[in-house]
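Can you keep this structure in mind? I'll have questions shortly.
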Amino acid sequence: MIELVYFAWVRERIGEARESHETNAKTVRDLIEELKQKEERYAVAFSDLNTIRVAIDQDLVDMDSSIENAKEVAFFPPMTGG
Amino acid sequence: MIELVYFAWVRERIGEARESHETNAKTVRDLIEELKQKEERYAVAFSDLNTIRVAIDQDLVDMDSSIENAKEVAFFPPMTGG
Amino acid sequence: MKISVQAEPFDYGALSNAFAQGHTHVGAVVTFCGIVRDDELGGLSTMEIEHYPGMTEKAIKAHAQTAKDRFSLAEVLVIHRYGSLKPGEMIMMVATAAPHRNDAFQGAEFLMDYLKSRAPFWKKEIVNGEPRWVDAKPEDEDALSRW
Amino acid sequence: MKISVQAEPFDYGALSNAFAQGHTHVGAVVTFCGIVRDDELGGLSTMEIEHYPGMTEKAIKAHAQTAKDRFSLAEVLVIHRYGSLKPGEMIMMVATAAPHRNDAFQGAEFLMDYLKSRAPFWKKEIVNGEPRWVDAKPEDEDALSRW
């Protein structure tokens, strides 16, 4: 069981900020595919992976990173701080 | 008659901050030569022209600038502001 | 190293003074202050800043430590607000202190480039009543390549 | 454009706050503050700063105007002290304001590089009781070549 958290327009498109999720996916990319299959709102949020950034347990990672041992996976658009 | 003004170690070596001077020199370089001939303290102050900066009427100029129409000629070391 | 992620306004001047005082081996202090900027048409009413609590502090700490080591900084300060801000309000500040000016400038620019694209903040503008997420600029991503 | 050449101390924080406030079309403010820095051995007792009254103001004004035009700055501030200063005292500050951060940073660095080598100030340090004029550094002259 992992925690999925969403920010900015990813959160708005998925319609919630946080959920628990049971998965057999091995990588971030697999996990996103699994979510896109599940419901239309995920397919919309993840339609262009170039605009999606991912953090595992609060560290930025790339799409092919393993989610084994991950407690929290976060999805969000490119950051616009400063 | 022009005013000569000196700053920092140029002033210390010449021993005064300001003096009036009658000259027929055409350029800054000629004027410096004339001063060096006059007295030893000028020869010491102007011994290495690479370390001398010049302003005519408060604008930086180079050694070959004309001093015709100059009211005030200033001599000083490379600047160390900031 | 002082880092704060906060909703409340901060006092840029008081923080700058405190940061610059009491050093005898620091010759140079640089500060940057980011301000909510309206566009030419004047339609911006509010900027909302969302962040990822926990990760934000962690990412800023890591970037600040990298800046400190890389540019031999004597001191680093980063303050970044979140929540709802009006045009003219201060969003964030950084300050760097170093023996020489070049390190202080480079350290501040490095930090700003990383905060722009690598700290988990997202800006939403309310323009003429319409909310819109601010897009990341390609030049902000490009700016990282110089470090 | 605010320029001041003065013997008196200045309030870096209050000036930074006043400079950064009240803008809605400025997104970025950068300040630099120069501080009298002691060396590692701790022998510096005093720094004396001499300048060329009249030319100093004129040179700073010209450089500030060039920076303003070249980097599209909304506002520029330069304060520089002369006279006798102690380690830890603030010598000078510059501040720049611009719509975008890169211009504010570049404008401040440009101004600093010019003030270092083109404004008529000369520093003399009293180290262990011995006065010595500070030599201009070749790298300060080199820094001008990038602009």
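The chains carry the letters A, B, C and D, assigned in the order they are written, with residues numbered from 1 in each.
Note that a contact is a pair of C-beta atoms (placed from the backbone, for glycine too) under 8 Å apart; a residue touches a chain by one contact, two chains touch by 3 or more.
Since the structure is predicted, the reported quantities are computational estimates derived from the model, not experimental observations.
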Just to be sure I understand the contacts, which chains border both chain C and chain A? none
At what distance in angstrom does the C-alpha mean of chain D lie from that of chain C? 23
In angstrom, rounded to a whole number, how far apart do the mean CA points of chain B and chain D lie? 26
Distance between the centres, which are taken as Cα means, of chain D and chain A, whole angstrom: 48
Residue numbers in chain A touching 2 or more other chains? 82
Where chain C touches two or more other chains, by residue: 34, 101, 112
Could you list each pair of chains that touch, in label order? A-C, B-D, C-D
Touching chain C in the complex, chain A uses residues 5, 7-9, 55, 58-60, 74, 76-82
As the complex stands, chain C meets chain D at residues 11-18, 20-38, 40, 42, 87-88, 90, 99, 101-102, 104-105, 108-109, 112, 143
Could you pull out which chain C residues touch chain A in their complex? 34, 50-52, 54-55, 58-59, 80, 91-92, 112, 115-124, 133-136, 141
